[in-house]
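First chain written, first letter: the chains are A, B and C, and each begins at residue 1.
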Amino acid sequence: MPEPILTIKNLTKKYGENVIFQNLDLTVNEGDTIVIIGPSGTGKSTLLRCINLLTRPDDGQIWLDNKEITARGTDEDKVRQHIGMVFQNFLLFNHLTALGNVKLGLDKVKKMSDKEATEKAMHELARVGLADRADHYPGQLSGGQQQRVGIARALAMDPRIMLFDEPTSALDPELIGEVLEVMRQLALEGMTMLVVTHEMGFAREVADRIVFMEKGYIVEQGSPNEMFNHPKFPRTREFLWKITELYGKKEKEAD
Amino acid sequence: MDFGQFISYIASGTVYTVGVTLVALPSGLLIGTILALLYVYGGKAAARVMNLYSTVFRGIPPLVLLFILYFAVTKGINLSAFWAGSLSLGIVSSAYQMEIVRGALLSVSGDQLMAARAIGLSRLQAIRYVVLPQAVRLAIPPWSNEAAIVIKDSSLVYALGVPEILRRAQLIGASSQRYLLAYLSAAVIYFLLVFGTTRLLAMLEKKLTIPSNP
Amino acid sequence: MLTWLGYFERFGKNFLHGAGVTLELTAIGLAIGFVLGLLLALARCFGPKWLQQVAGAYIAVFRGTPLLVQLFIIYYGLPEIGIAFSQNMAAYLALGLNSAAYQAEYLRGSINAIGAAQMQAGRSIGLSKWQTIRYVILPQALRLALPSWSNEPISLLKTTAVVFLIAVQDLMAEGKRAATATFDFVGVYLAVALVYLVMVFALDALLKFLERKTKIPGMDIETSR
């Protein structure tokens, strides 16, 4: 029986009257890759931000390794060290080189010596295939390279789980592949991942489970085979058909 | 008196002009930066107080504020005109420098702060290591403008009797009855100071520019 | 603590008179500065090379030296070569010449923002260069400059405070007289500061109103302090 790393119960988030999601339940087991799909504006990004406490949920609980992180008095900074986050717009620190971006957390949060931090950061950059770009600033890197640095920056903290918030949707089509390849590799290495994406090829091939979210609810979840070939709800089929049509074309163009 | 003596008498006031600037500008920067941090990250109440400080101090002519602060300070403590004048100009400048730093802090996008928090940096660490280094670069051009203003405003302490460039030009102009030459010489020295300072800061800006592909 | 508010009762009339002179200085300085500033901006943008350089040097010199020095050159220096002004005339002139340099920069910024494309569009329908400037570029540039230009009247109003040093009878001069009479320098100058604040706020409100009135929808450039 695999251990759950992340457990979400009854999670609710509202902005004023506007309910983003309500009474949401989700479990992520160690080593799983879960892909969340759904129309935009259904609260997927907000869900990720709630999980690493960048946004406070209004109700419900989240457990990370059987410790409730939504409990009062939780050290948020500590929690975030164990949850890696990759952003849609990369959000690299503009004034630091690729190496500097990866090193900052090791330096200031993990308090490693400069030598240790450099070694570890170089190791993470090599992992995403960018060791030779270590001294480049974000403005000197392509979008795909920037996002891979973003992944390396999160990996450097040795997180228990990695959250990906539409990691390829700000990228030109020809740059998407290199980022997905890094993510695929991570999944193979057994990293636990929660990925919000529209890349159906990636979902089909890499996901252990696909979660379809709409209007703040989880409509349906299951293995890629179940979801793509035998969805229980017409909405799921409709969405998957549309999105495959739309993005499949783009993928073909990119080839 | 020959021309060399005439000029060097006025030029010797540069020590005071530069001195006033070197006290006023950094003290204004220090106060302004602290107030800007409070303004941006200190919550609503602090922002309201800072906004009032900024509006009032920037709404009063520097010369009037200089007089108020000078007379208020020298009433309490025995301070030379140089120090009282310089510190007062620093306080005047702090309101403008606060706005410069605030503008720079706000132009570093909030997402940068979020990304820093996401890897576990505390709020203070995120401001210190991610937001401030980027804000400093953005602040250099407007700050260069403010530096030029403070150099020029240092001439206001003339009214307090500090023997800086303008005061010396007046004194030697009166004794030699050659006002035009005296004030023109003063103008040249001020111009060189302002020009040199802005050039220096432009070089600094260039040096600190973060490399990027066009 | 608030005894200084009493000075308004005692010196109110004088302050009011001084404030009138201050506003007059601001208005005249602004007007001279606008006309000269516009000419400088046009010279910099459209003039022959040598004229561009002359205008550039003018702007650099007047922005690079203290107004007080400019004022003293005009009032104390120029009479030596036979050009003498009254105190008020010297003050108008110094404020105007100084303000022109700043106004030229505001106008230049907006003329550049309108850009070469509008010049080409004007020339393409047969307008001459100067006609294009007059009928196409300037009407747009002046409106576009308003948000950043509106710093200038307020800045100039505050700047006028130095002219009492050549004994112009403005608000500061009245303040100085009241301060010497009461020996309460801090209190009197606080009262004077309050009068300046009121004038600055009123002017600011007026300019904001004008900005809203003259705004062309969809037309904007980024403004700086």
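Heads up, the rule we're going with is that a residue touches a chain if its C-beta (ideal position, glycine included) is under 8 Å from a C-beta of that chain, and two chains touch if they have at least 3 such contacts.
Being a predicted model, the structure only gives us computed values, none of them experimental.
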How many hops, at fewest, get you from chain A to chain C via touching chains? 2
Pair sharing more residue contacts (C-beta pairs) when B-C is set against A-B: B-C
Looking at Cα centroids only, farthest away from chain B lies chain A
Between the Cα centroids of chain A and chain C the separation in whole angstrom comes to 55
Could you work out how far the Cα centre of chain B sits from that of chain C, in whole Å? 21
Quick check: how many Å separate the C-alpha centres of chain A and chain B? 46
Help me check something: in the complex, which residues belonging to chain B touch chain A? 111-112, 114-122, 125, 129-130, 133-134, 137, 210-213
Within the complex, which stretch of chain C touches chain B? 60-61, 63-70, 72-73, 76-81, 157-162, 165, 172, 175, 185-186, 189-190, 192-193, 196-197, 200-201, 224-225
Under the stated contact criterion, what part of chain A meets chain B in this complex? 52, 54, 76-78, 80-81, 84-85, 87, 89, 91-95, 104-105, 108-109, 137-140, 153-154, 157
Given the complex with chain C, which residues does chain B contribute to the contact? 56, 59-65, 67-68, 71-72, 75, 99-100, 142, 148, 152-153, 155-156, 158-159, 166, 169-170, 173, 178-184, 186-187, 190-191, 194-195
